[in-house]
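Order as written gives the chain letters A, B and C; numbering starts at 1 within each chain.
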Amino acid sequence: MHAPIDLADSVADVFARIRSRAPRVHCITNSVAQQYTANMLLAAGAVPSMTLSPDEIGAFVTGADALLVNLGTFDAERKSAIDVALASAAEHNVPWLLDPVFIERSPARAQFARDLIGRSPAVVRLNGAEFAALTGNEPKADAASRFAQSQATIVALTGATDVVADGQRRTEIGNGHALMSRVTAMGCAGSALVSAALAVETDAYVATVAALAAFGVAGEIAAHSAQGPGSFAFAIIDALHNLDRAEIRARLKAS
Amino acid sequence: MHAPIDLADSVADVFARIRSRAPRVHCITNSVAQQYTANMLLAAGAVPSMTLSPDEIGAFVTGADALLVNLGTFDAERKSAIDVALASAAEHNVPWLLDPVFIERSPARAQFARDLIGRSPAVVRLNGAEFAALTGNEPKADAASRFAQSQATIVALTGATDVVADGQRRTEIGNGHALMSRVTAMGCAGSALVSAALAVETDAYVATVAALAAFGVAGEIAAHSAQGPGSFAFAIIDALHNLDRAEIRARLKAS
Amino acid sequence: MHAPIDLADSVADVFARIRSRAPRVHCITNSVAQQYTANMLLAAGAVPSMTLSPDEIGAFVTGADALLVNLGTFDAERKSAIDVALASAAEHNVPWLLDPVFIERSPARAQFARDLIGRSPAVVRLNGAEFAALTGNEPKADAASRFAQSQATIVALTGATDVVADGQRRTEIGNGHALMSRVTAMGCAGSALVSAALAVETDAYVATVAALAAFGVAGEIAAHSAQGPGSFAFAIIDALHNLDRAEIRARLKAS
């Protein structure tokens, strides 16, 4: 399932725009993921910010080009920050992504995620267990398409194969490496990259495919030099920073 | 003081079980240590979770195979989380470890640690200064044994030589490397590994010896390739991920 | 603009003292920067602590040799911690540094920073955008000198060239590498190094020049071996840990 050259070019174009425009991505994310997420965004060429203070977050989101909402830390501070941030995003047309981390482990968190779906995320990125908790369906490509259509959003269902679906289109991406699941916050960082892509590509479906494909390609490159998950965690940041069109063309597996 | 082959095999067996069973380890730990702790657990094959929310932590601990309680961040949120988590751990027989970080610098924290000893931790892991603050005794092997016996727990007193003691048994472990003290949260990560071992080995004494010995061996291997504490921090994660029975047999220094 | 040997020796002397005295540096810093800051301080030979609890922070600051106040996370907990910490620092003559992160993005944060200037920081370290937000002036060397003189503090205005000014003296430092701006919390870590230098050098101007110069030299050394920002983040920690007098002499660009 090698991708046609035009898909590879589309991926490369999105990342070239991130580098040249340096979009601001505001991140409401969990305390474990903050540092790694910031470094992944900087490596791609984006400018992260992370504040959660209700006094400030409106100004940060208003000045941002995209917003990431990750539920991995689920505390009163973040719930309040999310509410203010989404109001600001709606007012200023800032695209936002929902990453409903670990909702299969906490009914309160799952309900909160379901409520957020009603506030029009551009993209929902989640793994199979989270998809099942959110939708009540098996984490399959068809179910992803149906959920995307019913909610008028884009679903990015990640795993050994990543599925990206809106109501009409669907792409399956075969890139990535098993070590990606051995580093904490790797999925969170992937969601942040999708957010950065949303900031520079108005077709949110194209942005999502581009970010996840590039992330998977970077993971494959990193695995070549890594000795284990410790060195891999930083090799993938290097690979993303250095990623070029030729590598994307050579490695992209999407259809 | 090379260890007999059966001790090396016991260490290797515990880590093989962590890899095959992928136990869930819930961590109440300080904000500096969260990311590194999660990555160390993932490298060993365990599945970390970190939530502190009072609404959720009961469900996370109920579903966990072991619990880590680290006092390195000592705020109202964590004090409340610890209380809920320990009630859940007691009800569901989830073994837990206490890591009383920096209690020698804060009388309030030391008193809180003393209160927690009464709630039956399977293991208390601490350094010499913390041991002195907790017990009022010099951090010596004999004092560790006496404290373990009086409190019906296991004491893991770490330093240049690690001492593991319950009321009857005592092991001294000579593995490790000086660079381990130049990386923040290294001791916290070691406590997390002991917690993961508690999840797969019912003899908590054996689990504790196994985790600290493997951690020290991984540190020695990492020091060979590291250029300083920055590269060492990730080389030890790689080494733990790749650790095999032959390396443990060749390097274990315990008696 | 190669530096005279006596400036290089002064830089090396400050770092030799950090290694031999292992000063305690208490850090009120943002959640993204905590781990990286702690690792940078440990690599230099200092002993970091990070607690924010109002019950404890007074005791930590009283026992510390320097204090870092970074505004990158601006929440109620940290505002209250800063107040207690500065009272303790004033009472016990603990030198402190202000790092007013991202004040150009938040008026509330900028006002808070202006208020803190009145509480006599030894040093204010900030980038050009933050300097403009704090002072209302263009981020130029002359303006840095004037602000330093008017506030009786030291200004460290960092960028492609770092400017250190008190009322009378000014040094420009040409060391550093572009990758330093691609790693989150790098500036925060630099401020922490200045704080460590304040702990061992009573002339705060000399301490500030030494810390920023050594940090820039370490960045240049790290860039030689790094493959991108991921490996650079840890190579600079290794380089700082291994930094010696000959390297400082060979590379220092300051006048």
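The rule is simple: a contact is a pair of C-beta atoms (placed from the backbone, for glycine too) under 8 Å apart; a residue touches a chain by one contact, two chains touch by 3 or more.
In this text, all values refer to a predicted model and were calculated from it rather than measured experimentally.
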*Overlay subunit B and subunit C by their C-alpha atoms and let me know the rotation angle in degrees, rounded to the nearest 5.*
120
*For copies subunit A and subunit B, work out whether under half or over half of the interface numbers are shared, and give different or same accordingly.*
different
_Rounded Å distance between subunit A and subunit B, as computed from the means of their C-alpha atoms_ = 33
*Would you give the residues of subunit B that are in contact with at least 2 other chains, written as numbers and ranges?*
31, 35, 233-234
_Under the definition above, what is the set of subunit A residues touching subunit C in their complex?_
31, 34-35, 38-39, 42-43, 48-53, 55-56, 59-60, 63, 77, 225, 233-242
*Which residues of subunit C touch subunit A in the complex?*
30-33, 35-36, 73-75, 102, 105-109, 182-185, 226-231, 233-234
